[in-house]
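Provided herewith is a single structure, encoded as structure tokens, for subsequent inquiry.
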Amino acid sequence: MTWNLYGPTASEGDLAQLVGLRHKQFIITLKAGLKFSSHKGYILHDDLIGLSWGSQVLTHNGSPFFLLQPSLVDMLKYTPRSTQILYPKDIGFILITMGIAPGQQVLEAGTGSGAFTSALAYIVGEQGRVFSYETRPEVQKLAQKNLTRLGLLERVTLKQRDIATGFDEKNVDAIFLDVHNPYDHMMHVKAALKRGGFFGSILPTTSQVSKLLTALPRYEFAFIEVCEIMLRYYKPVPERLRPVDRMIAHTGYLIFARSVSMIAKTANDITEESEVNNGF
Amino acid sequence: MTWNLYGPTASEGDLAQLVGLRHKQFIITLKAGLKFSSHKGYILHDDLIGLSWGSQVLTHNGSPFFLLQPSLVDMLKYTPRSTQILYPKDIGFILITMGIAPGQQVLEAGTGSGAFTSALAYIVGEQGRVFSYETRPEVQKLAQKNLTRLGLLERVTLKQRDIATGFDEKNVDAIFLDVHNPYDHMMHVKAALKRGGFFGSILPTTSQVSKLLTALPRYEFAFIEVCEIMLRYYKPVPERLRPVDRMIAHTGYLIFARSVSMIAKTANDITEESEVNNGF
Amino acid sequence: MTWNLYGPTASEGDLAQLVGLRHKQFIITLKAGLKFSSHKGYILHDDLIGLSWGSQVLTHNGSPFFLLQPSLVDMLKYTPRSTQILYPKDIGFILITMGIAPGQQVLEAGTGSGAFTSALAYIVGEQGRVFSYETRPEVQKLAQKNLTRLGLLERVTLKQRDIATGFDEKNVDAIFLDVHNPYDHMMHVKAALKRGGFFGSILPTTSQVSKLLTALPRYEFAFIEVCEIMLRYYKPVPERLRPVDRMIAHTGYLIFARSVSMIAKTANDITEESEVNNGF
Amino acid sequence: MTWNLYGPTASEGDLAQLVGLRHKQFIITLKAGLKFSSHKGYILHDDLIGLSWGSQVLTHNGSPFFLLQPSLVDMLKYTPRSTQILYPKDIGFILITMGIAPGQQVLEAGTGSGAFTSALAYIVGEQGRVFSYETRPEVQKLAQKNLTRLGLLERVTLKQRDIATGFDEKNVDAIFLDVHNPYDHMMHVKAALKRGGFFGSILPTTSQVSKLLTALPRYEFAFIEVCEIMLRYYKPVPERLRPVDRMIAHTGYLIFARSVSMIAKTANDITEESEVNNGF
């Protein structure tokens, strides 16, 4: 049902990825009787069902494709989108920093095209749950379609609502806000997040980061961290190893904090006194 | 039992993190009758048990500490170690790129101090399993101790053996090698990894990367990627936002590939023709 | 005569830069009677001669342009080229690391399109001299044209020859090789460079760097440094300050060393024992 | 007289650099009759005078040192300092971006320990001049001492004064402000800088950058650029090439702009419309 619990061979109903030369990719759902067509020729689904994953197959006119299970990153890359989506380099670090794990209840806003929602649903697993808020109905509809295709919708509760009116949930394990003004919603984050739980956000500009840093201590968030991740690919040629020519310079600044209950000193004092983390 | 499935309050047997001013941290297992002592004073475990997570508590002489559940990253940072361990920035990207998910069977070598083993066990969850190989008995013993403390040992099969003799497993979902010569073991990786599955490795020097890039196509690994991740922290002060002064310059190059079955063309041909990934 | 010794107003014979909206640039040599034309309209050179630098001028149909002296970086950017040229980020660091200064005698190969040659000639000034070798006659011709246009040719001796046959010069202050196999020419570099002088090179791949690192100690070069420079631009909008979306990921690795005379220990020993420079 | 116009051998009065094993460095002025002493033993200046630069010499008890002319970067690194100084990575890019060249008149504030002053004086040469302002008399005194030692003082006019009262100079080729509030002094910068000339600054925090970006268009500065430079060193071992473990994460944001005269549109309009520079 979900795409990470495959058997060794491709079965009807599985999501499959066909990758041709020059890494041109297609993601399809296998269904007996259907035909996959590209400008390189066609392949019958019936010829794919039952094949071992990782096999190379040929179109009717001899063009080679690999039959693979799409990876999470492949799915994220090829998510149909109406909005900017989070990049894998950021998603991986967010998930591990916020300790997202099987069985957790996590909340996010906005849903957007559902890419990060998918990653959360993938990791919390069948015992976990993702609550995801989005204002725009047409955007939410696309996310729903994307999650359905990935077989992950049943782990997600989609809510179409402005988060300025607050969240319905209490005591969730983690909250991530990918909205332009997270600093305006910290009261609601405080109310929905369990004490000790992780809050995270991504923001493109330095002035937004500064505003969020000002808001966090007011709602007793401490252990605040701000960072950015740069990912550089290399040309994978053994005798001419070198970085690629161009790279992404910026996706956003990542901000993390934990909800605490203070006795007397303010969270701000704690932060000011802290020594800055240096990667480890 | 495991540290990510807490109730809202601290209970006997839970792993707890006490964080003082300047972020000085201690990780303890709560047990009635015990006493936590630091140079800032002592706290009775009995006074912690039953408290809400995220609470601020005072030592007998008034020094404030926060009572938190340790996050996965906290646990990785404070893993007692006899070897260099993977950094969260790399772990997060490895997990997401290789699509590690609840319920999977994954294999790694070497175990080392068990930090990456813990992260794998954390994500594969109770339905998944991690097989981890290590040559040195005393290193394996430390990993076992670390996994036990985190309540993750039951998800892990530790094997004390040289991987040059091969792996016992077949059809695992993913294999990660953190050894100095992964290129010498690709035959065994091929045999243990399911077709279509992800192989990953981390290597510190460019010549090791070149050797691995040479070995991969020989064993029909394709979709090879090489990258590195740089993480830069910022001083989280709203009106004086700026990067910290120093950062980690290098942990290692990350290499990923997928096991395939070729018809006629070699995996090398595929790689040569591919356009290089640029982050998305 | 040369473009860095201007008076306060634009004079006949000066190199001038016209920059329109959206930073569209044109570099011209001012000459009475000529007409500058663009798709935004025309301007008579006679209307520019005598104007203060930095002035805004209008074309015959009212499009605004700024009249500027082209900076060194502008000149480098707009150098007509038949080859890949060095980037300003690398040039600036090379010049300062090798201590290039007014009055020096410096040597480079290959000349290429003459961009780095221009930068060297700019800095060594009228009392200095640049010797520049290039194998391909048509490439050298372009460099000659570029240097002439900048008024820098008289500081440069262009030689059309394969450096495998050696250099004519002795005791030059610094040598920079921008060729694909500098490691094959170190004997000639040793012979032409004064003792204590700086050698520098830029190489795109890690295997070339390794080969050069092997060759350097054999010819008694010590104080070897390898580094790379990353430059990231920001969108200069005060209330939305943030990095641009994309950047150059790699131009080349920079390698520097100094020519020494050993007594007994090899330069290699010195290097092995050295502590690695960390930026300062 | 100045340290970049050496003969092939060390002469009395020359600045010399003695570099021992592990790159331990000493910079001295050669004078007959004196003795250089370190914990590795002593060397008579008389034994150094007349030696070829780059030679290896031994102390009285056999420890090897190299006799070198200090490079500009060496001099910057070992400048006695009472203040934070600019790093070579930034200095090189500033010099080339602002087109600093032999024969120019350039202005800077504050002088600080004189490191950047030295670099400017080095490049403008004997025909150029550097005007440098500093408020604190004791800091200025140290800069004077450092410039004297390098033989560069005669190219520099040191002024001990608060720049809030303006600059004495007019029509200088370039102005660089390394002060915490450059945005408060742009009126004076406008008055002292020739039209078309380059303004530059370095600032540690994002809020300072935003303030400067707001001030620049008000005084008709256009072609504004903001960037940062990251420098990463590698361990120069051929068969184990890899980056060093740690690096500088941040020195400052670099800001550049050119003084223009507008007709009607504001400089701000120009900036808003511009396409962002992407490295070349």
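The chains carry the letters A, B, C and D, assigned in the order they are written, with residues numbered from 1 in each.
Here is the rule we use: contacts are C-beta pairs under 8 Å (C-beta built on N, C-alpha and C of every residue); 3 or more make two chains touch, one makes a residue touch a chain.
This one's a predicted model, so the numbers in the text were calculated from it and none came from an experiment.
Between chain A and chain D, the least number of touching-chain steps is 1. Set against one another, A-B and A-C show the most C-beta pairs in contact at A-B. Separating the CA-averaged centres of chain A and chain C is a span of 44 Å. Annotation: 19 Å between the Cα-based centres of chain A and chain B.
Shown for chain D are the residues in touch with two or more other chains, namely 206-207, 210, 232-233, 239, 241, 244, 246-248. Contact residues on chain C toward chain D in their complex (touch as defined above): 4-5, 8, 19, 21-23, 52-58, 64, 66-69, 71-73, 77, 87-89, 91-99, 101-104, 119, 122-127, 171, 194-198, 206, 209-211, 213-214, 222-239, 241, 244, 246-248, 253, 255, 258-265, 270-280.
Here chain C touches chain A in the complex through residues 204-207, 232-233, 239-250, going by the rule given at the top. Those residues of chain C that touch chain B in the complex are listed here as 206-207, 210.
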